[in-house]
Amino acid sequence: MISKVHENVLEAVSGIADGSTVMIGGFGRAGQPVELIDALLAGSATALTVVSNNAGNGDAGLAALVGSGRVAKIVCSFPRQVDSHVFDAVYRAGRIELELVPQGNLAERIRAAGAGIGAFYTPTGFGTLVAEGKETRSIDGRDYVLEYPLKADVALISALRGDRWGNLVYRGTSRNFGPIMAAAAATTIAQVDEVVELGSLDPEAVVTPGLFVDRVVAVGERPWLRDGVFVGAEAAS
Amino acid sequence: MISKVHENVLEAVSGIADGSTVMIGGFGRAGQPVELIDALLAGSATALTVVSNNAGNGDAGLAALVGSGRVAKIVCSFPRQVDSHVFDAVYRAGRIELELVPQGNLAERIRAAGAGIGAFYTPTGFGTLVAEGKETRSIDGRDYVLEYPLKADVALISALRGDRWGNLVYRGTSRNFGPIMAAAAATTIAQVDEVVELGSLDPEAVVTPGLFVDRVVAVGERPWLRDGVFVGAEAAS
Amino acid sequence: MSAGLDRAALAARIAQDIAEGSVVNLGIGAPTLIADALPAGLEIILHTENGMLGMGPRPAAGRIDPDLLNAGKQPVTELPGASYFHHADSFGMMRGGHLDICVLGAFQVSEHGDLANWHTGAPDAIPAVGGAMDLAIGAKHVWVMTDLLTRDGASKLVTECTYPLTGVRCVSRVYTDRAVFDVTAGGLVVTELFGDTTLDDLRELAGLELRDASGRHENEEMRS
Amino acid sequence: MSAGLDRAALAARIAQDIAEGSVVNLGIGAPTLIADALPAGLEIILHTENGMLGMGPRPAAGRIDPDLLNAGKQPVTELPGASYFHHADSFGMMRGGHLDICVLGAFQVSEHGDLANWHTGAPDAIPAVGGAMDLAIGAKHVWVMTDLLTRDGASKLVTECTYPLTGVRCVSRVYTDRAVFDVTAGGLVVTELFGDTTLDDLRELAGLELRDASGRHENEEMRS
């Protein structure tokens, strides 16, 4: 019997080596795998390259990881936010390298890694700073920049429900980078609110097929949900 | 109020010009928009370029269109099948041009057109006949062929249900090329078993968001389904 | 001259130009005001690049769902007809030309439609581009919503952008507090003046040649 | 010498090498027989390139669902844990290296692992490639299932393919009715002999140098 289910988050993130490239899902706090990041923090892996849309919000999750000094480099589209004070401080202190990638190129580079595409021509960024030094080409009268895939050793993502084969469904805008990161990493670790019986996810509605997922761990329902249905924000962080 | 719903298939396919490139969904018979193809046949559009995985099965649908002599060129991966006698005859008579594309390159080229990618490097076909005369490149020790997007004037696709915004859900392996063709065509026309009320499709399970669809037409439930649920093959063709 | 339109009035003015059925992305900042100004009863589909179509207004207090955010990470709601998708699909919608309109803020717009809105170029700035470059090159119509002048009184409409670009020749229209400008092959065309702003005022403020199609002619040349 | 294994027996032999949890694509034709030979009780996930994981066996008569086909357009069923996806995603799974094993038929396989299985090169042939090229370069392990000889008695294992290629240096193992061959940097290695076939028989039939790792040694060199 296939079972990708792990008992707890510490077990789920075990084996992440120093120097790994780690993709971390989420757009702001939505879809950010906070419990997995906490488990990564509880371990010792360091000199990490993190690929994520943002560079952390507030003080928890990705912000805490960045603040820990164990992130050598971050590849992201939007590090500077109202509540990105942790990243801002580390960056200004010169203690983290930043590779800034327009959000759509970031998403497409991750997608290309998962889909076995060697490189692709994108119109985004042509003629701007982010294209400096890159190969360009005019195709059918439009200008493009050549971009390469972004792959990872590990992806940490968050979904609503998963089964023991690793099939996942998400909720709302927390889907964001999860499905493409799952496909782009050698090892994909998904935290879910709930592990459900095999066969109880609608095959037409599965967003991430199980072959992209290596480990699944239940972290319990978020306070604003009951059986996956929104029950108000009273208890939300 | 937005309504992309058309009353009948003749109205739905109106305005397809001679010389158009028409994408036609389906893998074999699954997902083939037979009623839309019949409506296209009832019109006069000719000198068409058809993009489809196959070149027709049996005598109906795409096979009938090919047999009508109004397809000047077909772009597909697998024209020759047990029941492709119509295409075989037209092809051997030299009355249709064939561009053979490996299935994954076909899918990715269609996807690239919908996603605004100018070109991409694919490993598929490298060192084979289908790569002859094409640009190649070695990236990170792997060999790739440069392939360009495939776009269309019109896409004809088949889905299970749709709403008046054009949101679509499919059924089983009839999904195949529908979602990517919908995004790659200037005008996408979807036949569905049933048009449902806006809001009754689960937003988490919508496969083709409505912005990719221009016209929706209900063709009635297929004989093997009742309310979208399989009821046996007794009445199926 | 009068100050022209305030932000809310400008948002309302822009909303008037959005036809029913349009798929629209409203950039972070001032453009999000347009959502509240859309004509009631018209169906306009809002896209947010973090993976949603059919985005609805800000939720009532106590109904803030942390899984429903817009691109500015503000809480939103879901309308009937909504759909969700992942980031690669969402940006494919932009890059592939499937959005009708996006409205962005700007630091500078050149008379050729170049846009600068992500980076001041200041050496100590932390750069953050987000989805701006994808929106700029992707939507069928890229509109800018901005004050004509910076706080320092400099024109945001310029001959050539001095700030780092977001996109090249991508803006089709600029809505400012003083006037509306169409970007054409022949340069900027003023299509509408607000308050008692005159074309001469604009020419002086911006230091640009401006063609007049405002329908308000005073001492100006005829509509071309 | 005896004819070796028949197709069903060869399918069963291949099935033994598929570990539980593997994601497997079985090509059109003979490889589909492997599905019926998979060990009962082991969870092996079948992928079909037309957009499904978790494909089950052929349905009972009267339960043929026209929306559930495999790549050969034969009716199949859905197992618990299945999922559906569109063609670009399905081929991304292959190209991206997410399938553990695919098993393909062949016209020819070279000793370097080149595969020819889509086109005889005959001038009147209608070419059809389908997903074979994507599978050939995509799966982690590309296995071939074939008779060693053509109907005309020619070896399908060759020094260089004379038919048009499907993929370059992509095959890792060849299961034939006479023997199993691993493709290595040093050429073909025989790992198993069927019936009373000997390594000398194979060398004569194929005209190739073959290393022996079959464990059956007779007059042959030692296992290397």
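Note that the chains take the letters A, B, C and D in the order they are written out, and that residue 1 is the start of every chain.
In this section, contacts are C-beta pairs under 8 Å (C-beta built on N, C-alpha and C of every residue); 3 or more make two chains touch, one makes a residue touch a chain.
Fair warning: this is a prediction, and the values are worked out from it, not measured in the lab.
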Hey, what chains does subunit A share as contacts with subunit D? B
More C-beta pairs touching across which pair, B-D or B-C? B-D
Distance between chain centroids, defined by C-alpha means - subunit C, subunit D (Å): 56
So, in whole Å, the Cα centroid of subunit B is separated from that of subunit D by 29
Suppose each chain is reduced to the average of its Cα coordinates; what separation in Å results between subunit A and subunit B? 33
Please work out the Cα centroid separation of subunit B and subunit C, and write it as a whole number of Å. 36
By the touch definition above, subunit C meets two or more other chains at residues 78, 84-85, 88, 91-92, 94-95, 138
Among the residues of subunit B, pick out those that touch two or more other chains and give their numbers. 108, 111, 115-117, 122-123, 170-172, 204, 207
Take each protein chain as a node, join two nodes whenever their chains touch, and name the resulting shape: line, ring, star, complete or other. other
All touching chain pairs, where touch follows the definition stated at the start: A-B, A-C, A-D, B-C, B-D
Give every residue of subunit A touching subunit D within the complex, in rising order. 1-2, 111, 113-117, 163, 165, 167, 183, 198-199, 201, 203-204, 206, 209-212
Using the touch rule from the top, collect the residues of subunit C that touch subunit B in their complex. 20-21, 23, 43, 45, 47, 53-54, 78, 80-85, 88, 91-99, 138
Could you list, by residue number, the parts of subunit B that touch subunit A in their complex? 108, 112, 115-123, 137, 139-140, 142, 144, 148, 169-172, 202, 204-205, 207
Touch list for subunit A against partner subunit C, complex: 27-31, 53, 57, 77-81, 87-88, 91-92, 98, 100-108, 110-111, 122-130, 143, 170-180, 207, 222, 224, 230, 232-234, 236-237
Please name which positions on subunit D make contact with subunit B in the complex. 48-52, 62-69, 73, 78, 84-88, 90-92, 94-95, 119, 124, 126-134, 137-138, 164-168
